[in-house]
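Two complexes are shown next, each including subunit A; its partner changes from subunit B in the first to subunit C in the second.
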Partner chain A sequence: MLIDSETTDIYIQETNQALADIEQTLITIENMGANIDMSLAKRVYHAMHVIRSGASLLSLPKIKELSQKIENVLGLICTNRLTPNPEVINILLQGIDRLYLLIDRIHSNDDMDIDEQSVLLTGLTSAVLPDHIKQSVTEVRDIPLPDGKHVFRIPEFNLIQVLEQNKYIYILILDLIKDVQEKKKTPFNFVHYIQQHGQIIDSLFDIQTIGTLEEQELNSEEMPYFVLLASTLSENQLTKSLNLQPHQMKQVKIEISDLIHSKTKQLQQELTSSISTKSRKADNKNRIAFLNDLFCELKFSTDCLSNDASSMGIARVQSALDKLKYFLRRENNVLANRILWKIGRNIRDHAYQSNIQVKFDIECGTIKMDQRVLYRMIEPLTDIIIKMIRCVQKNMALQVCLKMTKNEETIKISVFFANPELLTQEMRLPLDEEEKKFHALSAEIEQSFDIKAGLNILIRIPKNVFIIPGFLIRIDAHQYIVPKVNVIECLTNLNPLKCSKVDSSIVFNHNDNCIRLVGIANNDLAYYQQKHTIIVCEVGNKCFGLVSDSLTIVEIDAVYQPLGKQLDANPLIIANCLLDDGQIAFVLDMGYLANI
Partner chain B sequence: MEVNVSTQKAEKDGKVDLATFYVGEALCGMDILKIQEINKNMEITSIPNSPDYVVGVLNMRGRIVTIIDVCKKLGLHKSEATDTRRNIIVNSQSEYIGLLVDKVAEVVPAEWRKVTPPPSNVRGVQGKYFEGVYKKENALIAIIDIEEVLKDESVS
Partner chain C sequence: MSKKVISPGQDIVASMVPEFKKRLQEVIIEEGITELDIDLTGVEMVDSVGLGAFIATHNTLSQKNGKLTVINASNDIYSLFKTMRLDQHFEINQG
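Moving on to the complex of A and B:
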C-alpha cells in the first residue's frame, strides 16, 4: 500500500459505491436490449476508468489489471463494436464481483487470482477484433519514462483505442509533494483534476526510492508521479490547462509511431466493416469441408461394406464415426462459464426478492462441457444454492462459491460457502429432486459437512456423455425415446384415430398418403384406434407411423445409458435413459420397428 | 466397495460368510463379499419384449440396474409378490444386476472345505447353477453360482 491509509479508505468507499452503480447500470443496459442508451454505457465506462486510475495511484496491480480489462470491453460497447447481450453483461458482472472481493481484501494481502475473469474479458475483447489486431490485446508496448529508470507497460490495444479517437498521448511528470501535499489536495482530487483534461492510461511513481506520503521523513524532497495521459488537447493547451511547466510534459510519438501509422488505420477500416463475419465464414467453410470429407469416407466405406462385410469395412465406418463424434464434441462443447453464469443471475434475483445479501462466485477456469448438459445443470444448481442460502439466517451476508475442476474422465463441481463458520451445526439438505436431475445427466451428487470446511455439495459428472436428441412419448405403460433423426412429422390430437385395416396392415390416411401404422403391443385395429398421436418416421427407405398415447410430444436431449447384458437380445430397445423425474425411458430401435 | 463376481470365483479356500436367502422354498446363499447392496425398492420399470425372468430395470441412485427374478430364472414355480422380497445387487462383469429373491435370511459363517459339490438337482433346480452345498445344523444351503445363473441371459 503506497499512499496513506486515509486515501485507501476513501478509495474503498468510493469504489464500492461506484461498483454498485456500475452493476445496476449494466443490468439496465442489458434490459434495454438493442435500444442501448449510449450515455449510460459511457457513464459506466467513465466510472470504471476512475476505479482503474485510483488502483494505479494506489499501486493495486490486480484491481488495476482487472478494471482495465473491464474498461476495454466497455469501450467496445461505447463504440458500438460489441452488443451488450446477456452473456457480455454477465462476464462484466463477474469481473465486477471479483473487483468487490479484491476491494474487500485490499488490506489482507490475500493473493486472490483474477485469471478466470481476465481470460473471459480478454476473450470478449479479442472476439470482436480482426485476426491481425487480436494480438494487440495481449501484446505489451514499453514506453520509457524521462527518468530513464522506469517504463509504462501498456497493452497495445489500449494505445490503439486512444489513437483511434484522435487523441494525443502525453507523459506528465508531476510531483505529489508540491502538487498534492503542499496544496492541501488529496491524491484523488488531483487524479480527478487530471481526468478532466484527458484519459489516464496509466500512472506510476517510484515508491521504493522515495517513501510514502505517510512516512515521517521522506527520502527525497520530491515525489515524482508519472501519468500517461490521452487527450484531444494539444501540448500547449494541456500545459496551460493543467498549469504545468513545459518540462513537465512530453508527447509520446516515436515509441508508438508504428501504431499511429498502421494499426490505427487498419483498425478504423476493418472495424467499420463486419470483420468478425469473415472469420465466421472461414470457420463454416472448414466445417463444411470436414463434413464433406466425412461423407465421402462414410459413402466409400459403406459401399465397400455392402460388397464385403469384412472387418476392414467395419473398421472404416467405425473410424468415420469416431471422427464425427470428435467433431460433434468440439462443436457442442463450450466454456462452462458461458452458460453457468445464469446461475449467478438467478441467485442475484433470489437475493433481491428475499432481501438478503448474497454474493456468488463461480470458478470454472477453461473447462468446456457439452452446452446441452450445461443448460440442464442451471436449474438444479440454482435450487441447491438457494436451499443452502435458506439454511443461514436471513440477516447474514453470504458468499456462495461454485468451483469446477476436472480430471481425465470426470468434471467435479463443488458448491460451498466461502464463510463456512456461518453453519455451526451439521446439516443435510433435502436434495432428492436435484439428485434425480443430475442422475439424468449420468452425474453423481453427494453432500458432506465438516466443522472447518462447512457444507459441501459435490457433483461428479462425466466429461463426455452421449446425447440422443429425441422425442419422449408414452406407449401403453412405458416411456420411450424416438431419435429425432428418424422423425418426419408428429400428428397429435387424433383421438379417435381414424385408421383402417388393409390386408394385414393398419393404415392411416394423411395428406393423400397412406401411412402404415406400427404399434408396440399388438396388431389389433381397436388398439390403434385408442391412440392419440402418430409419429411419422423414416428409417432407411421405410416410412411408417408409430402410434402413441401421448397427447403432446416432448423434445428431449436424452443421456444414453447402455442396456444391461440381459437385455441385449431385446430387439425393441437399444438403450435406456433416466428422465429428470427419476423414471426410466427406453430408446426405441427404429430399425426393428420399420421391419415389423 | 465394488467387488466383481468373476474375480471371486477362484478363491475357494478358507472361511466365507454366506448371505442366505430364499428362492421359493429353496435356501440359497452366496459369498457376502459379492453383494453390493440389498434393497427393497420395488419401483421397477418393466421392459416390453423381455424374457419373463427379467423383471425390469431399477433406478438405483442414477444407475440403471436390470432386475432378474431368480425364481423364474431357475425354472421354479412363479414366486408371489410379498413384503419380504428384496433385490440383491451384485456386480457381474462390470455391470450391476439385481437378483430378486423372496426373502433374505441370516449370514452364515462357513468353510469352503465343508462345501460339497452340488447334486445334479437341488429342489428341482439344475445343479449347474450352484457352486456347492453347505450343510447347516438343520438345513442345506445351496450356494448359487451367479455367473452361471446370468451367463445365458442374452440368448435365453
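Moving on to the complex of A and C:
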C-alpha cells in the first residue's frame, strides 16, 4: 500500500497541531509541580500515542521510534512513577522539538538522527526506576514459541510496560502464504492491519522452514511467521478481528506470570516511595573511601617531604594532587545537555512572550563540562540567541541551532540559523556584554558571516578550567578574591572603636578574642578604622583578619588565569580572574598575607 | 569474494518470482557470487512469495558464507522489512 501525499499532508498538519498542544500542556504540567492534573497528563499521553500510530501507519520509522520513547516517559508520568520536574519536561520538549523537525522533513528523506534525544529519553525511563525495575531494562525474558524451535527475547521492562497498560500478550502463529497471499492480501497491508489491533512487540520468520532457493523448488511453499502482539482485546475478539483460527493464537501467561503478579505489584508498592537511595549511598561510600585514600597519601607524602624535600617527595605530593584534580573534575563534570537545556526553555519563553515562531535545536552529544561553567554559560548564550532572533523579521519561522564539538583541549560551541537564507545581508551583532562573560570563563568568542552559511557565533572554551571558589572583596581601589578554603568568618558593620594597636600590630576585639588585622597597603590605625569588613582567615596555624572596603561579601566561582610577567613579581597575588563585567580581580596569596 | 548487483526493476510478486529465483540461482550457484546486492529501485511492492524469495536467497548465501544486502528500498518496503525483523538476517538500506 502506498500512502498518497494527501494523507501524509493531513498527518503533518494534524501532528504539528498536536505537538503544539502537547508542548503547551507539558509546560502547564511542569508549573503544577507535584500536584499534577492526571487528566492533562493522560491527554498528552494519548495525543503522543496517536502521533506514533500515524507514523507507524505511514511507515515513518524515526518518528515512530521517537514518539514511542516519548510515550514511554509520558506513561511513567501518568502512572505516577515519574514527577514531571523541569528536567523531565525539558527532555520531553527536546524530543518534541526533534519530532517537529522530523515532521518538517518528511518529504525530504533527510536522514536526521534521533540518537541524542533517544539516549536522554531512555535514560529518563531507566533512571527513575527503582533498582529492581532498573534491572528489568537490561534483563531479557525468553518467550518460547509453540513450535519449540524459536524464542522471542524481550527486555522485561517492555513487557512490564505493556502489562501495566492492561494489555494482554499473544503469540500469533501465521503463514504468510495461507494467511496473506492466498487471501489476496499484501504483507504490508496485513502487518498494518495487525498493528491497528495492537502493538507488535516483536516478530520472526522461521527461516529454516522457508529454506534455500533450491529447497523451495522441491517443497510446497510455506512461510511460518510469528508475531508477539500486545493488545487490549480479548483472545476471542482478536481471533475474530484478525480472521484467524483459534489454534493460530496463544496467550502468553506462564512465561511472564512472575512479571504479572510479582513485579507489577512490587512496582506499585514502590511507586509512592522515593527512588531507592541504595545506589546513591554506595556512590557516597566510594567517594568517601577514595577521599580517605587521598588524604592518607597526602599525609604520608607531606610528612616525608618535611624530612626529605627531594624530587621524589615532591613528585609524590604532585601525584596525589593530580588524583584529587581528576576526582574533582569527575565530580563536577556533567553532560552539557543536562544544564544547557535551560537555554531552550529561555528561548521558548521568549518566543511565547514575543509571539514569534522559534525552534531551538541543541546538540551537545556526550560532551561533559564543569557544571559551574555550564551554569554561567546559560545567560550569555541565551542573550546571543535572542539577539540573533531579533535580527530577523518577526513573522518568519526560525530555527536556531546550538552545536557543541570538542577536540583535545577545547570545546567549540557554534550558534547559527538552520535556515541561513533568512539573513540576506551581512550583519554583526553587538556582543560586548556576552564577550565579557565568556572571557571570564577563559573563553573566546567570534562571529562570522557568509552568504551560504549565514551568521555563525563561535565560542571556544578550554576543556578544563581551574575554578577557585572564593569571596570577592574590594580593598582600596582593587578587587580581590579570597579563596573560600581560607575563610572562617566575615565580620561586617564594624565598630571602629574595637580596633586598637597592640605592640606593632593592629588588633580587633571580637567576642573577647583579639584578631590580628592585616591590610595590604598600610598599617596605621586610622587605615584599619576606615574599613567596613573583616574577613577572618586561617592559613596553616595562623589566624588573621583581612580588612576590606566591601559592605557585602560576594561569593564567586572564579576561573583561574595565570599572572602576566608584570604582576608575577607581586608577592601579594597569586593569580588573576576576569569578572563577568570585564574587570579584573586578583587572587590573594594567603600564605604571604599570613606572614606579614 | 565476488560481488554482484541484481536490479529486478519491477514489483517482486508471485507472478515474477519463479523467473527471479531462477536468475538468483544462476548468479549464486553457477556464477559463484557470494556477496549479492538486490537493488529495489523501481520496486514498489513485495508480496509474501516475494518475501520468501529474499529469505531463500539469504539462506542460500549463508550456506556459502555469503551476504545479502537489499539496497534502495522504498519507505514502505524498508518499513515492512524492519517490522518483520528481516533486518536481523540481512542488511537493508533505504533509497
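In this text, the second predicted complex is superposed on the first by the 449 of 596 C-alpha atoms of A that agree within 3 Å, B and C clash if a C-alpha of one lies under 4 Å from a C-alpha of the other, contacts with A are read in each partner's own complex, and residues count from 1 in each chain.
FYI, a residue touches a chain if its C-beta (ideal position, glycine included) is under 8 Å from a C-beta of that chain, and two chains touch if they have at least 3 such contacts.
Please read all numbers here as calculations on a predicted model, not as lab measurements.
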item	value
Touching partner for A:S442 - first (subunit B), second (subunit C), both, neither	first
Which of subunit B and subunit C A:I520 touches, first, second, both or neither	first
Which of subunit B and subunit C A:I467 touches, first, second, both or neither	neither
Partner chain in contact with A:L204 - subunit B first, subunit C second, else both or neither	second
Subunit B versus subunit C as contact partner of A:L567, first or second or both or neither	first
Which superposed partner A:L335 touches (first subunit B, second subunit C, both, neither)	neither
Complex interface listing, subunit C residues touching subunit A	14, 21, 24-25, 28-29, 44-49, 51-53, 55-60, 63, 75-80, 82-86, 88-89, 94
Interface residues, subunit A side, partner subunit B - complex	435, 438-439, 442-444, 476-478, 520-521, 561, 563-573, 576, 578, 582-584, 586
Interface residues, subunit B side, partner subunit A - complex	45-50, 54, 57, 59, 61-62, 64-66, 68, 93, 95, 97, 150, 153-156
Complex contact set, residues of subunit A against subunit C	1-3, 59-61, 109, 176-177, 180-181, 186-188, 191, 195, 200, 202-205, 207-208, 210-217, 221, 223, 225
